[in-house]
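Quick one: the structure is below, and I'll ask about it shortly.
Per-chain residue numbering starts at 1, and chain names A, B, C and D are given in the order in which the chains are listed.
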Amino acid sequence: MLVKNPYLLKAGRVEKVIKECEGIYTFHIATEESAVFGQYNMLYAFGKGEAPITIASKGENYVVHTVRAVGDVTKHIDSLKEGDLLYWRGPYGNRWDLERAYGKTLLIISGGLGLAATRWVFEEAQKSPVKRLIHLYGAKDYDSLLYRYLYKDWNNRADFRIVLSNPHPQWKGKVSLITNLLKELDLEKDTIVFMCGPDPMVKACIPLLKEKGIDEDSVYASLERHMKCSVGTCGHCMIGPYFVCKDGPIFRYDLIKEYFERKEV
Amino acid sequence: MKVGVFKFSSCDGCQLAFFELEEELLELSRIISVEYFLEASSSNRWEHFDLAFVEGSISTKEEEERIKKIRESSKLLVAIGACAVSGGIQSARNFEDFSQVYSSVYSYKHYETNHYSKPVGDFVEVDFELRGCPINKESLKELIGAIIQGRSFQMPSYPLCLECKRKGNPCVVVAHGLSCLGPITLAGCGALCPSYKRGCYGCYGPIEKPNLEALEEGYRRLGKDERALKESLILSFNAYNKNWRGQI
Amino acid sequence: MKLRIDALTRVEGEGALEVYVEEGRVKGLKLSIYEPPRFIEGILKGKLYHVIPDITARICGICPIAYQMSGVQAIEDAFGVEIPKDIEEIRRLLYFGEWIQSHALHVFFLHLPDFYRMPSILELANLDKELVMAGMEIKRAGSLIIQTLGGRTSHPVSVVPGGFSDLPESLSSLLEPLERALEKSLWAIQRMKNLNFPSFELKDVVFVSLWEEDYPILKGDIYLEGERIPSSHFKEIFEEFEVPYSTAKHSKLKDGKTYLVGALARFNKAHEKLSPLAKETAEKIGIEPPIKNPYKSLLVRMLEITHSLERAVHMVKGYKKPKRSFVELKPKRSEGFGVSEAPRGILWHNYAFDEEGRITKADIIPPTSQNMPAIELSLWQLLTVLDNLMEESLRDLAEPMIRNFDPCISCATHFLRVKVKDKP
Amino acid sequence: MEGKGKGYTTTIEGLKELFEELKKDYKVIAPTLKDGVILYKEVGSFENIAFGYRNTEAPGFYSLEKAEGYFTYTHPANSPKSFLHPPELTLIKAKASQEGLVFEEVYPEDKMCLFDLRACDLWAIKILDRVFLEDPYYQRLRSNLFLVAVECTYATLTCFCKTMEKGPVPKEGYDLLITELEGRFLIRAGSKKGEELLVSLKTKREAKKEDFEEREKKIRALEEAMESFFNIREVPQKLYSRMDSSYWEPVEKRCLACTSCTQVCPTCFCFDILEKNTIDLRESERVRVWDSCFSPSFATVHRFNLRQSIHSRYRQWLMHKFAYWIDQFDTFGCVGCGRCITWCPVGIDIRQEVKRIAG
């Protein structure tokens, strides 16, 4: 019996590079490979290793990745130019359960680079029979805002709100915490919530949603854990009984609550 | 890339790793230029170093001054070996009455030396550590490779036991009743001692948070007392390492 | 006027040379060695006997096995155990590994560049790559022996009082590299025999080595002017003293004579016991005792390399893992002596223990401190005949002379930094 | 349970013949003696198999003595994991070329026979089969594997396969099964491969009723002698309800987080993938090495290990073995071999911890 080698890498050309802000770049990589929103790829840097990177969006024959240079792999990726080859394997992981929001309100909450993980599903939601679409996006600084070039379009199709933690002379919008923005929102009880951001942000939003009558089983969060294999065999990404790499990265909150909220699980 | 190799209180053993690179040293000399290395060359320049390797502990006033000068002249500073990283075997005296140690070796009273032998990191900022007494050439190659390739330096953070098991050694504590510092010692040597059927004596120094309380229990099980554990830590060449300073 | 080489280069450890010159003529000199003391003997006090080989190895990263061998033999002497022949043979093999590694390091990396007026082996490699590569291959063969028997090339882990903690099942992987290195050593000697050796003769220096059945290495009596003296009498023939200016504890014969240990001394006393190939080569290149020209120690070290390789090949071929790799020791209140031929010469250890086996006295005399007076004497001989010694030429003159003796300053148990006085 | 087809009995010569047959096609891995410890290792000759020893094992303790008979010990210190999921395995080699990177898959091609496997390790392989269901490296080795199982007639103090319901009788998954009887061996086949080999053996005779009866007696005696430490059916739910650190903190004083338990365990599979390159960066290898949830960098996110405390790492390990594993792979992650108990340098006994926390 021959099984496919999950570690084999594919190559794709970098078609486009967009500088989002200092140290964060978005890449369009040519590929015919199919994928769904919520999934991620393992990007490879020769001689350095691999890192899981979310599929931020997808076009006809390219995928979009947004990468912040923090370590060996991501620094390498961010040094790529148009025409360079990028090596990767994937896609891996599960998808956002967008269908559950059909006919209901869909609230997306993104913190920082978490926007890369919600962008694609947000774009898809705009085209789908979601009753009301709200997206709260919190970023630290004005300079770290991602995808500015899409805001206009997004604002036309959805309720897209940005909040910054720090003021900036050019910033006319809100300076506050994303939780304050959430508090102000009027939401139906049957709202579906998609979240991606740092663990503390996710943890802080849950009780606020509860106050609004939104159950934990209507909330989905995309998690970040250490990953090596992405196929549920290396053990690194485990949270309780789940492998974030293959059972996630997106989890219905009630299923992981026990493990996510408890220290050091 | 300009490189300097410096020696402080030590046995020279770690510098030998450079000579062990042999052919690779010749290869490397195309990319890096060894500007200062007293033991290897009679032509030495001390201006600016991109990379300074420091062997040995700091145990005299002169050494305290010299290490600061090296730090000022160097972009990256690497502490190599147990002496530079933790104070070396000579730091065993930090745990004893210095005047007695002194007079058991010398009668002449006026030699200048500090009571304590201390790691380089007590005086200047250290960018990288190469562990071991002595270091091995693989880790040296890994570090030079990481710097040349502009990637991070890969060093184990786990205890020796993991490396020992990967090698297929049965645990010497269980099989032979030997005491072994492996559970609290950083991996990297290739689990040499257990491979030669003896307990690890700790020459790669402590892991980040060694559980000494648990190890003490382990020693008790073998019929060895606290004193035996304390002595083996003091003689581990790494007794003055910051990861357990104050605990021994 | 004081001329000074602040930092000696291409020697093991760090030292300085000061020369006092009046009207161009040398009036005094001192080889000051500023290795800080590491108090190894002081640290050993009160500790259990079995730590001796691991701790004393750290006196010197270049000849740790010498320390381990003298150390364990002192312990075994104290506790009155005989080491079985097969284990002793393996100790010799390990020791040959160190001779090969250390001699090759000195000959090729430190000494040879002098004969080509090159700053280091890296530059020498541009000039004669073949020779340099041969040197590396030889050194690697020595390292391989140590690594195979002891896990790593410096501070091997398997040496314990009584023998080895464990030994490999087979040494067959050593054979090929050793045989190749042996060939390379013969080839390299031919290449080196015609180097330009400055003419110089050591005067008033007594050669001292150990006496063994074979060419001395592992143990034996002290062989002094035709007499065999047990190592326990070491302190009765030699006198060790602290010198405030130079930093090593120096050593002289009790009658005040300067003596020399190491390769030259061994060759001069025991050349007829060299291995067949080494002896034959010595004859062929016209090296015969007594060799008094220290520059020629280069060739003598090469001959010792050949000897070691040839003996090692033989041992590897006949190797069988002993049934037990060590014998048990029982500590008792006692005193013991251990002596062996480090690459640089006689290394003497002396310990006393209490009934538990804790060390009550530790005394170690390394070869380099014994050789300090001889080195100074030859520098004196070299420099005092000069009329107009200039600072610029001092390094070029003095350093090669010092390197002839392969001093290992790291064997620095007794070396101290001292304030340099203005007058000699 | 009976094997498929008939049973045969044979002598030690017959086993030797079997061994020689196996050696023709397989790299035979069998228990060998090294420095007073029995380990699985490739063996060249039948004489090198460590027959006739008895192991005494207790928490943090191991010793061997000579014994009458052949298969008189239980299982070696290492496990089949060392061969099916090797501690270090190169997965992919990447080479730089003009056109970009060229990748080469490096597959282990060994055809192995594991000779003398006990019930616990047989189960452990079954568990690994599920974990590495889609791993081509494991699957290659696995599909070429020949398994000779042996029935235990003795258990050490650390064995608890009975508690875990994994032994002492091997149920399935072997090609051949050997039971040592008085002066002879009962052999049965468990697969077609095994059957064919068995039939071709010259030194054998068909097993009789008495042979089976003698076997039955021996096995019953062992089963009865073995203690049951806890009721595994209740363990997972109890553990899930006791995740609070107060249950786990006592371990902090005793556990060294040395990783030994996870390494000797026949089912612990966690690994790391290292990137090993040449200085000139012309070539790089992706190498899989054993890792451990006790390792301080195991669960690192942004250079911060989510499991800082030792007791939280212990919780992760034990919960995984006795609770999470069931959700993941529909089986416990523990087969009761007792290796982690014997080979813990401070003698922590997982059975006692399970009893303490979930008892």
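By definition in this document, contacts are C-beta pairs under 8 Å (C-beta built on N, C-alpha and C of every residue); 3 or more make two chains touch, one makes a residue touch a chain.
Remember, predicted model here, so these are calculated numbers, not experimental data.
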item	value
Any chain in contact with chain B as well as chain C	none
Centre-to-centre distance between chain D and chain A (centres being mean Cα positions), rounded to whole Å	40
Chain B and chain D: spacing of chain centres that average the CA atoms, whole Å	37
Centre distance in Å when chain A and chain B are each reduced to the mean of their C-alpha atoms	43
Distance between chain centroids, defined by C-alpha means - chain A, chain C (Å)	65
Chain A: positions in contact with at least two other chains	47-48
Residues of chain D touching at least two other chains	35, 277, 281, 291
Junction residues of chain C - those touching two or more other chains	166
Chain contact topology (line, ring, star, complete or other)	other
Pairwise chain contacts, counting only pairs that touch as defined	A-B, A-D, B-C, B-D
Residue ranges of chain C in contact with chain B within the complex	7-14, 34-43, 45, 47-48, 51, 54-55, 58-62, 64, 105, 109-110, 113, 119-122, 125, 132-133, 136, 139-140, 143, 150-155, 157-158, 160, 164-166, 242, 244, 362, 395, 399, 408, 410, 413-414, 416-419
Chain B-facing residues of chain D, complex	34-37, 39, 60-62, 77-78, 82, 87-88, 252-260, 263-264, 274, 277, 279, 281, 289-292, 295-297, 310, 342-347
Chain A residues within the chain D interface of the complex	1-9, 11, 46-50, 70, 85, 87, 224-226, 228-229, 231-236, 238, 240-241, 243, 258, 262-265
Chain D residues within the chain A interface of the complex	91-92, 94, 96, 100-101, 103, 105, 131-136, 139, 143, 240, 243-245, 269-273, 275, 277, 281, 284, 286, 291, 293, 298-302, 306-309, 312, 315-316, 319-320, 323-324, 326-328
Residues of chain B that touch chain A when the two form their complex	149, 151-152
